[in-house]
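Okay, so here's the structure we're looking at.
Chain nomenclature is as follows: A, B, C and D, assigned in order of appearance, with residue numbering initiated at 1 for each chain independently.
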Amino acid sequence: MKVGIVGASGYSGEVLVKLLLSHPRVTLAAVTSRQHAGKPLSAVIPALRGTAADTLKFSGSDPAELAARTDIDLWFLALPHGAAADFAKALLPTGRKVIDLSADFRVADLATYEKYYGQHHAPELLPQTRFVLPELTDPSWMQSIKLAAAPGCYPTSTLVPLAPLLEAGLVTREHIVVNSFSGVSGAGRKVEETYLYVERAESAKAYGLVKHRHLAEIEEQLSLAAGAKVVIQFNPHLAPMRRGIITTITVPAAPDATLDGVYAAWRAAYAGRPFVSILPSGETPDSAYVTGTNRVDISALHDARTGNFVLTSAVDNLVKGASGQAVQIMNLWCGFPETSGLV
Amino acid sequence: MKVGIVGASGYSGEVLVKLLLSHPRVTLAAVTSRQHAGKPLSAVIPALRGTAADTLKFSGSDPAELAARTDIDLWFLALPHGAAADFAKALLPTGRKVIDLSADFRVADLATYEKYYGQHHAPELLPQTRFVLPELTDPSWMQSIKLAAAPGCYPTSTLVPLAPLLEAGLVTREHIVVNSFSGVSGAGRKVEETYLYVERAESAKAYGLVKHRHLAEIEEQLSLAAGAKVVIQFNPHLAPMRRGIITTITVPAAPDATLDGVYAAWRAAYAGRPFVSILPSGETPDSAYVTGTNRVDISALHDARTGNFVLTSAVDNLVKGASGQAVQIMNLWCGFPETSGLV
Amino acid sequence: MKVGIVGASGYSGEVLVKLLLSHPRVTLAAVTSRQHAGKPLSAVIPALRGTAADTLKFSGSDPAELAARTDIDLWFLALPHGAAADFAKALLPTGRKVIDLSADFRVADLATYEKYYGQHHAPELLPQTRFVLPELTDPSWMQSIKLAAAPGCYPTSTLVPLAPLLEAGLVTREHIVVNSFSGVSGAGRKVEETYLYVERAESAKAYGLVKHRHLAEIEEQLSLAAGAKVVIQFNPHLAPMRRGIITTITVPAAPDATLDGVYAAWRAAYAGRPFVSILPSGETPDSAYVTGTNRVDISALHDARTGNFVLTSAVDNLVKGASGQAVQIMNLWCGFPETSGLV
Amino acid sequence: MKVGIVGASGYSGEVLVKLLLSHPRVTLAAVTSRQHAGKPLSAVIPALRGTAADTLKFSGSDPAELAARTDIDLWFLALPHGAAADFAKALLPTGRKVIDLSADFRVADLATYEKYYGQHHAPELLPQTRFVLPELTDPSWMQSIKLAAAPGCYPTSTLVPLAPLLEAGLVTREHIVVNSFSGVSGAGRKVEETYLYVERAESAKAYGLVKHRHLAEIEEQLSLAAGAKVVIQFNPHLAPMRRGIITTITVPAAPDATLDGVYAAWRAAYAGRPFVSILPSGETPDSAYVTGTNRVDISALHDARTGNFVLTSAVDNLVKGASGQAVQIMNLWCGFPETSGLV
């Protein structure tokens, strides 16, 4: 099977190239980049020197030309929000599978999307698309859609620990506080003063408080899990590290809910799933331990003094929070083993 | 005036030495260390080469001998919890002022102290001591005590933004969630595997969830401010940086409370105080901007969707969170300008 | 084929476990650790959660017991210097292949070894062993030895750029200056104050000047390449990063030698070798680009003003500088593709 | 005395503002910035919140207007190379003292300057200017010039250990190899992809090999010290840290020269100088220990095997390597104590 990537010069694009080049079931046959067309991949991604990236070259990225390529069976879109929808318009009619790493199709409700992200470039495609977090989304998505929207790092690190508890009624829907601490690559390869080494090293700060755009998909998914509207406080922070994200969720326990109940709900939700590691209560996930893996590590505590559960999680924002998850989606969609190319 | 430091080989001890060596109103006349007695300070603190630390030597640290030194007017205790109380027992009867950087006398309620810290070594001294956060504690402490307990980094970064709001009734006492991210020096100079460079770089993780010991003094002070028992969820995290701490507090607004009210309460509480910087709503404190200063930067947002205030703060854990604050307490107690040696 | 690792709790041991668990041609059947015997690997190496490391357990590490295990075809020794020789004494008589990551058998000349490393624990084994840097060592080693000594990071980063030039007579043997900058994991997992996060972050310094022990094997190999005694100035430094090593070599050009000659010698030496990337003159290797790979990136410049060549190289100290190289040696020795399990 | 700074938005400009705001002998009365004119300093340099920087505002930076300000007694130029000369043309005729942090007037020989830096904007001013490294330059500069060119970090870290040895004939002029390892702020506040946090963290690499521009002033000063032309190999590297620079110099010992001779030469050259710390042989300077200080730490070893001396040094690139040194020059020029505002 041959796959292509549209837009691979960002950090998650790089990781996607790496994963697909070593994937045992697919051949990476096309990688597009407006900026780098004509160069070999390893000239732009030096970490890939000495691999097939020395000969594979970036091609141009005209939507119509890509749509005309009959050799590609599946396209990954590793593009900024907005641009992804433009390519989806060209590619979906060809019948090829599309996996989108942007937020363009993560939100089913158009009004919600536009409130957070601005005008949608292709709302007419929404019915053919779906937010797919493999461990949580009903597997029927494989038959019913043309484009799978891979969740990003904040949604993944929040939904994996929290969604099953809302679904099982073990926690309240009110007073949920989600604090996340993200490595700098989470912002993408933005050449701005605030992302300079000297500015970010030895610095931690909150950002995007109250109105962070990924609230759109996080709350929509939490509400689906709870069967009722869920509104959360989401406090993202920037940490002086390259990769990784940790999330700490404070949520009041429902009456009679217990820590054993939390673990039972998790074990039920994630039985047999290779990429969720449930740690014993008291052991907290460490971002360093998931770096380079497609794993989510989760753990929980109960605080008898406050009546809250405290849930913690860690993911690599570029793997399970982006490209690894996209490959996992491909594996499931194409009938490959779920872990193909990911361990 | 001559001052001495008991125990100066930890990170906050080093900073205290630096501050006192350049303080215009006092002479650092004694620095004790069991381990380094006889060595010049700059042999142990190479950052101080080329200063008076080249000639000043560590002396031994026998409590009785220190108590007998009549040349010292004020002692700083920069010791681990427990050891500080042992020295306080020897020094308080001499009538010298004592400023303690440990937690030994931060908690007025003995039962609370012992629940979190274990047996108290000198409970009989509690009536002569007091938790002193200069911007919040009633100035009458200067006349009424023999030992001032300087607050640590977590209490300072939490109390400065939150206490005035509880006192003014602008926030509820329930569902308060405090998330902090601390640099590694917050753990002190512990030679343990978990604090190795390779373990901590590129790593973020929660620790001490549910039962962190500094909850003892934080909640006692919050309860005093609120006039009623306050219980909080306190989630500390370790961040891959040397210094600095940021705190993000989510707290439900009281009915009718507004963001303007929050800022008005802060301005009232901190009018004329040189070390609290109130940032405009929307601008968040950055730990890098307070490094090396005795400042607390604070800011607030209101979230109309959740009904919460989100308060943020940043301090340098070794300065305003430890040694700088101790010097500030000395300045006030001895009638020096509050900012002496601190800007 | 089944392989075992003796001593896997250090940083290079961890990487070796990772590489062997995903190697397509071998099964990792034994991992020993005095300290962790009985625990599953993933309890000690959390990065491996969710893999076979959840079930594979550390076994004890008694040399006689290991020698008695008939199921293991090849042993890796990931032990401190000295300890490796003790195990080699037990394992070599069994006829199993042994690949040693320590320095115990890297130096053929016993007097040189003992000058730098102290008394040798098993000098009688030296004739059955050899320093093996796969790209430089004559392939006859595969038939002639029982134990291959894998070179460490400093030797690899120095020999790959320099040895072929000495062999081709393109550089002088005098006035060679080798400066290296190493990530902190190069020191191993030593729990000492100097390796604490707070000490090493934002810090760079030289160490081991004049008398660094790896001079023993570096100079022996350079002398072999030159056909005459070579003595170098070797200046190692500690850099505030977890992994990676870069080396910058200043060496006077031999009369008539040219930069083209340098590149021609390199291309001849490394033709068809998958793990040496020769960068164009003017492009310098970056440690970040080789992290996680088994590559050595090398480049060269000629300085007409000084008459020197300046050679630069980068390796991942834990992969090509340790465990990756050991796996590469295994691949060649066992007739597997050289890149098996390494790309 | 009133001083002004032209151009203070770079990293060394920030440090210069900090130093001058707390200097006991001068008032910082003007700070110019084209980009930030009208804003208070602390809006651009948040680390200075709560100080006089809250009220002092950036003014515009028109050369003629600055020349007309009669209240300023001394100007610092903290500008890029080239721009500094343009302001010097306006300011020198006014008779005010000028201290320039750029390289514009560091090189006395015009041809050398233009070979490395391009066309000089004000060669006619060269006779009124001088490279001033306070510990090495003959004190007659104070009477003979109108503009003092403060040396940068590479020259300072190289010249302080090396120049006295060349002057004393203790080392050869050939085969000198200078390796430096610089923190990222050494490149200034350049908003380029290569200086992003994600690119620089966990990365070390050489750059500017063979032809680095600061060779111009380094070699001119070394030649002056040696009394004959000196050509060196200068290998700068980028290290993943914010501040600090370490330099390791390999230089053949002259016949009969000894390590004692090196130390004697240093003690003679730096007797009574407060900012040079001579460490015992075997103890190597650490960049972390000089951060925030105006110190140069130096040390030396002799290698009997190679016949070389290995000299090491550390400076804070933003203090002794830039702004601290400029303040030190001011102190000497204006008759203040050399350490005023610097300890």
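Keep this in mind: contacts are C-beta pairs under 8 Å (C-beta built on N, C-alpha and C of every residue); 3 or more make two chains touch, one makes a residue touch a chain.
Since this is a predicted model, take the numbers as computed values, not measurements.
Asker: In terms of CA centroid distance, which chain is the most far removed from chain D?
Answerer: A
Asker: Give a one-word verdict, same or different, on whether chain B and chain D use largely identical residue numbers at their interface, taking over half shared as same.
Answerer: Chain B vs chain D: same; shared/all numbers exceeds half.
Asker: Find the geometric centre of each of chain A and chain B from their Cα atoms only, then give the gap between the two centres in Å, rounded to an integer.
Answerer: 39
Asker: Using mean CA coordinates as chain centres, what's the gap between chain B and chain D in Å?
Answerer: 37
Asker: Find the geometric centre of each of chain A and chain D from their Cα atoms only, then give the gap between the two centres in Å, rounded to an integer.
Answerer: Here the centre of chain D sits 47 Å away from the centre of chain A.
Asker: What parts of chain A, by residue number, touch at least two of the other chains?
Answerer: In chain A, the residues touching two or more other chains are 199, 201-202, 240-242, 286, 288, 291.
Asker: Could you pull out which chain A residues touch chain D in their complex?
Answerer: 11, 184-185, 189, 191-193, 195-202, 240-242
Asker: Write out the stretch or stretches of chain B touching chain A in their complex.
Answerer: 175, 177, 179, 181, 183, 199, 201-207, 209-210, 231-233, 235, 237, 239-244, 246, 248, 250, 252, 284-288, 291, 301-303, 305-306, 308, 310, 312, 314
Asker: Show which residues of chain B lie in contact with chain D when the two form their complex.
Answerer: Touching chain D: residues 22, 46-47, 49-51, 201-202, 274-275, 277, 286, 288-293, 295, 297, 343 of chain B.
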